[in-house]
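Per-chain residue numbering starts at 1, and chain names A, B and C are given in the order in which the chains are listed.
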Amino acid sequence: MEFYNKFMEYLEAEDKEKAVFYALNLLEENKVDILTLYTKILAPSLNNMFCKSTEKGVCIWKEHVRSSIIRTIIECAYPHVIKQRDKNGVERRNESVVVVCPQDEYHEIGARMVADFYTLHGFDTVFVGANTPKEDFVSAINIIKPKYVVISVTNYYNIVNAERAIKRIREIANYDLKIIVGGYAFRANKEIYKNIGADYLMDSFEEIEAFIKEGQK
Amino acid sequence: MGNVIELKNINKIYGTIIKNQVLYDVNLSFKEGTFNSIIGASGSGKSTILNIMGTLDKPTSGEVYIDGKRTDLMTKNELAEVRNKKIGFIFQFHYLLPEFTALENVLIPYLIKDGKAPKEVVKRAEELLDLVGLSKVKNNRANNMSGGQQQRTAIARALINNPKIILADEPTGNLDSESTDAIYDIMRDINEKLGTTFIVITHDRRIAERADRIVEINDGKVHMDIVR
Amino acid sequence: MRLPFKIANRFLWSNKGQTLLIALGIAIGVAVQIFIGSLITGLQDSLINKTVGNSPQIKITSDDKYFDLDSTSLDEIKSIDTNITSVSYALDIPALISKDSKNNSVLLRGLDLDRADKIYNIKSRIIDGKPFWGDRVNIGKDLAKELNVAVGDKINIRTSDGKLKEFLIEGIYDFKVANLNKSWILINISTLQEFTKQNKISSIEIKTKDIFLADKVADNIKNAIDKNLKVINWKEENEELLSGLKGQSTSSIMIQVFVLIAVVLGIASVLAITVLQKSKQIGILKAMGIKDRQASYIFLFQGLILGILGGILGSALGLGLLYSFSKFAVNPDGTPVVEVSIKYSFIAFSAFVAILSAGAASLIPAIKSSKLNPIEVIKNG
């Protein structure tokens, strides 16, 4: 894909200015929509970036720089998300989704993209952020009363923390709340979501889309 | 590759009058050449599992296979031999013999096997000490070394007989984070270079999250078993 | 075997104070044993020597007081038992001696100088003058003093049946026994026979190589000679002395046994403590695959090393004690109070027993260590 290759060129050069403007221009000129930008350009570029635990140093530094570039793009894409939702004529649902990364999970870009995704589909989306201690958001659950809580886990160790968070949410929530997990950590552990008390595992935007459509019926 | 360790339906009950069941039907196996961590709250039974795998402890019921051979029915002498040749132990309290130097400590598992260490073996012990970064203090008495140095000596000692398996129970339990990283790097290095299977109990997420697999033990059961 | 020895050695040397202390304990035990043993043996030896060393151990006499000596039979008697070193014969006649107005009752002992010398060491006992010959006699130093006579003086001797003769004093002897020094007058047997018109003898006197076999030799002689003759040995005559000595030996053995028990208990308890002290190390070694037997050798070797150390040290100490005792515990004339007998075989034996008992004492800790379960150590830090 032409756009992806071009974008990667800037990203690999760690040229923040060019990368950010290139991506935002694609949106402004309607060359790509949000979904395509996220799934075909940003997500693959992120996934290409994981460092092996053995090659440290430079690689980790690069990962951080690139993550920060992508984060900027996503932040700046928010108006386009709203614009696109309205343009698509999506009805507001009066349902909310809370997106969170469990304690010690600092990889938040995936979670941000997912949050925008739910916004695109008419949800009130609350992105709580990275490294969220469970006590900090469970208290808000019964006030916000989200329909779904999405927990994004990248580092597989944090599945352990995700489980603790889920357990706590279940203890606190006084209504039927669905918990969706997703993220890189579950790739090699497709079945583990059942053990940790989640209702669904969603690994791709297509799956999320299908799921939302299913839920609308 | 095959399993180097296999636990089948392991139950462990302490006490005869007041029974205290610590492990419930644990089934676990570890593939050769992998780097595994075991996590879980304290008192959940991690050490008990590790000690059963290391033939230091016996299960109340169930079967233990080390390198394909069933060990829970072996005699004490046979077990001693299995431990000596196939397993290297690293404990939290390093457990060196304080009366001996670092180099001598590293040689002891070999001496248990063979009585006298030929030149090549002494050289190998020195290389191992070099690998763990201790060539300078190899002739220091064990009790004249820092905690991190002692732990690295223990790692070298665990390796001298080229075991297939290294069992480590909180090896970085009382080390600072710098030493912890150093110890992890050494263990990982050995795992990759020599294909030694590592099973490491740890409270340290920096070690757990870098393992190939995390097994979480909870109340004597395998609660979660996740791979990278 | 090599590794347990190496470990035992290192364990001992890593705690020098404790090791030296226990080795010293064993050494003192060994030294006391050697000292007491040697002292008592020395005492007994010198006592027996004083009693029977310079006298015959077996005597042949007759109920008829006097009997005929067929001179060839002396050699026959000697050939009865290989233990017999010398055979002599004697004629004893009681008599009175008078000098000035004093009368002393004495025993005239008619002897064959060469034969009797092998029993009584007469020649070396003469402190003044020469041994008796012809009608010249020897008297004891106490009698000489009492009678106030010296070599070259003459004395009158009267037998109980009234025969009287004047004899010249040729020499004065000292048998170190006042009783003898006062009463015996040594004289050539033929001279005495002539003087008393008595051609018979009163006893045959026999000396044996091993004085404690005298009773056996006496039995053999009894079976071989004329049934009318009586054979008596020194043991019969000195039963009291012997039972006294036996009691002394027993108590000396008791002392030695108790010293030994103390040593064994000392080693056992110290080693039992070291098992506790070293239980961590044993646990580690077991986790690394040392076999129970090898683990127990560690303590066995520790016991043996301590025993050897203590044995050597103790032998040296014991020898030193004996040496200084014989050097410093002396009579005014410079002779030792007790002639201690330093027998190297006994010292070696004591040291060996110490080593052996140290080995035995280490058995309990050795067994204990072989039963130690590594898991206890690993768990309890």
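Note that in this section a residue touches a chain if its C-beta (ideal position, glycine included) is under 8 Å from a C-beta of that chain, and two chains touch if they have at least 3 such contacts.
Since the model is a prediction, treat every value here as computed from it, not as a measurement.
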item: Category of the chain touch graph - line, ring, star, complete, other; value: line
item: Which two chains share the largest set of C-beta contact pairs; value: B-C
item: Farthest chain relative to subunit A (centres taken as mean CA coordinates); value: C
item: Subunit A-subunit C separation of Cα centroids, rounded to whole Å; value: 105
item: Distance between the centres, which are taken as Cα means, of subunit C and subunit B, whole angstrom; value: 67
item: Chain centre separation (subunit A, subunit B; CA means) in Å; value: 39
item: Interface hub residues of subunit C, defined as touching at least two other chains; value: none
item: Residue numbers on subunit C that touch subunit B, as the complex places them; value: 1-3, 6-7, 10-11, 14, 280-281, 283-292, 294, 374-375, 378-379, 381
item: Complex interface listing, subunit B residues touching subunit A; value: 39, 188, 192, 205, 208-210, 214, 216, 223-228
item: Residues on subunit B engaged by subunit C in the complex (per definition of touch); value: 47, 51, 54, 56-57, 76-77, 80-85, 89, 91, 93, 95-100, 108-109, 111-113, 115-116, 157, 169
item: Residues on subunit A engaged by subunit B in the complex (per definition of touch); value: 53-54, 104, 155-160, 163, 185, 188-189, 192, 195-196
